[in-house]
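Residue numbering begins at 1 within each chain, and the chains themselves are lettered A, B, C, D, E, F and G in the order written.
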Amino acid sequence: MKLVPLGDRVVLKQLVAEETTKSGIVLPGQSKEKPQQAEVVAVGPGGTVDGKEVTMNVAVGNQVIYSKYAGTEVSLEDEEYIIVKQSDILAIIE
Amino acid sequence: MKLVPLGDRVVLKQLVAEETTKSGIVLPGQSKEKPQQAEVVAVGPGGTVDGKEVTMNVAVGNQVIYSKYAGTEVSLEDEEYIIVKQSDILAIIE
Amino acid sequence: MKLVPLGDRVVLKQLVAEETTKSGIVLPGQSKEKPQQAEVVAVGPGGTVDGKEVTMNVAVGNQVIYSKYAGTEVSLEDEEYIIVKQSDILAIIE
Amino acid sequence: MKLVPLGDRVVLKQLVAEETTKSGIVLPGQSKEKPQQAEVVAVGPGGTVDGKEVTMNVAVGNQVIYSKYAGTEVSLEDEEYIIVKQSDILAIIE
Amino acid sequence: MKLVPLGDRVVLKQLVAEETTKSGIVLPGQSKEKPQQAEVVAVGPGGTVDGKEVTMNVAVGNQVIYSKYAGTEVSLEDEEYIIVKQSDILAIIE
Amino acid sequence: MKLVPLGDRVVLKQLVAEETTKSGIVLPGQSKEKPQQAEVVAVGPGGTVDGKEVTMNVAVGNQVIYSKYAGTEVSLEDEEYIIVKQSDILAIIE
Amino acid sequence: MKLVPLGDRVVLKQLVAEETTKSGIVLPGQSKEKPQQAEVVAVGPGGTVDGKEVTMNVAVGNQVIYSKYAGTEVSLEDEEYIIVKQSDILAIIE
């Protein structure tokens, strides 16, 4: 099962950082706030959206910064995703 | 009696999951929250909507994720439907 | 006296269901909530509305679902009507 | 002195119903609520309004239903008028 | 010193009515409410305003009705003016 | 250091009136309210702004009336400026 | 790691002023309020944004004044950035 976004929508998955403590124990990063970084997992086809031509400029695998209050949280098969419009993606992290 | 949506509107029916308890009893899924998944039951013709050309990209039978606060709940012959604009459909589940 | 709607406006009349009790008495349906179903009683000419070309897709006699909070209630010769824009009509019931 | 409306504006005068009591006395109708019916007393030239071409479809003498919260009340020589945009006129009463 | 309005703006001066008491004394009209009548004292050139072509249809000396809550009050050399957009002028009084 | 405004923006400097008391002492005018008069100190290039072509109609040195609630106050090297869009300038004082 | 802004977005870094006390000690300027001055660190490609053609007029290294309430604060590798749309940049400081 996978999400196929429509129009100018992009499916994101928030990044979870692993963190190594000074004693060397690896802690999974859920407790660390990373509110706006995410990885692109699916990209809509673009085209005419609300009467305007949209070209998609992000690609699957891109790490991106997205607008904090944008998007809809969706859970599918126990995974959490965020679906945003491409215009809510502010920058790609390279 | 059936609903024939106008313009860029789409008639959805929320998915109800059946759930089998560990003892094997099948429980109908009404108590399980699945707020944003629905199946497409009718699709409007698209065309010029609010002065903009809209092409319909969903089809009857598609399972979709739609925007939580969008749409109008409608009941017809004891069935509950949600009528949304296609732009409120975020993604198709494949 | 009749209402001739302008532009993309449509005059609706809410449907009143008759209901037969188990004892066979017919009760007029005013007490039964049917908030969004109505019959089209007059259709505007469409044309250029707010700078956009509108084609009318509903016809007198259609039973329709309209958006709950849309429209203006009007009373004329002791009859109650609702005047909506065609875009507030979500679907035709067939 | 008369009001010459600009653009897509229309000058209305609310209708006042005369009412005959059972004893035959004619009461002028000011106390009777008729909030949305009015007669057209002047019609603007239409043309380009806010960048959009507007054709005027009402004429002086038309009795119309207008949107309850629209328009500006104006008094001129002790007469009360309402100036609305044509798009606030919902229907003509014929 | 004079005000030269830009774009589709119009400079208005509120009309002050003189009122003659029964004893024949002329009272200047400041205490009489005339909130929406004004005389045009300067008219902008029109042209492209906010991407739309605007033609000016009022002239210096016109007495007009303007929208009550529109405009900016400006005082210049102890005179009070109101600067409105032409679209806030509802009608010319002839 | 100087401010070079972008697009349809204009840099203004509020006018400070000098006032001579009856005894002949010149008081700098900071205490006198002149909220909407300002002098143009820099003018953006205009061009396409938000998809619309804007021609600049004010020039450095113009004294202007601007909209009271418009603009952003900016301080640079202990001088206070207001940056407004040209459309917030209502009139030139000549 | 660097931020590559999309569309008409610009990545800014707020300016921190150094301040020398009278006794000659240099104090880093974090305590000094400079809310609206920033340096451009990355510029999006422009192009069609929300159906409108946008040309980028700022360049990396420009010192700019930006609109106080605009933009999204982003932190990347312990550096704080602000991502704004170019239209939120009011002026370049030269």
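The criterion applied here is as follows: a residue touches a chain if its C-beta (ideal position, glycine included) is under 8 Å from a C-beta of that chain, and two chains touch if they have at least 3 such contacts.
Source: prediction; values computed, not measured.
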Chains touching subunit A and subunit D alike, please list them.
-> none
How far, in degrees, do you have to turn subunit A to put its CA atoms on top of subunit B, rounded to the nearest 5?
-> 50
Using CA atom averages as chain centres, what separation in Å is found between subunit B and subunit C?
-> 24
Measuring from the mean C-alpha position of subunit D to the mean C-alpha position of subunit G, what distance in angstrom results?
-> 54
Take the average of all CA coordinates in subunit D, do the same for subunit F, and state the distance between these two points in whole angstrom.
-> 43
For subunit E, write out the residues touching at least two other chains, lowest number first.
-> 51
What is the shape of the graph in which nodes denote protein chains and edges denote touching chain pairs (line, ring, star, complete, other)?
-> ring
Head round the ring from subunit D, going the subunit E way, and note every chain as it comes up.
-> D, E, F, G, A, B, C
Can you list the residues on subunit E that touch subunit D in the complex?
-> 36, 51-55, 57-58, 65, 67-68, 86-87, 89-94
Contact residues on subunit G for subunit A in the complex?
-> 1-7, 9, 11, 42, 47-51, 72, 74, 76, 83
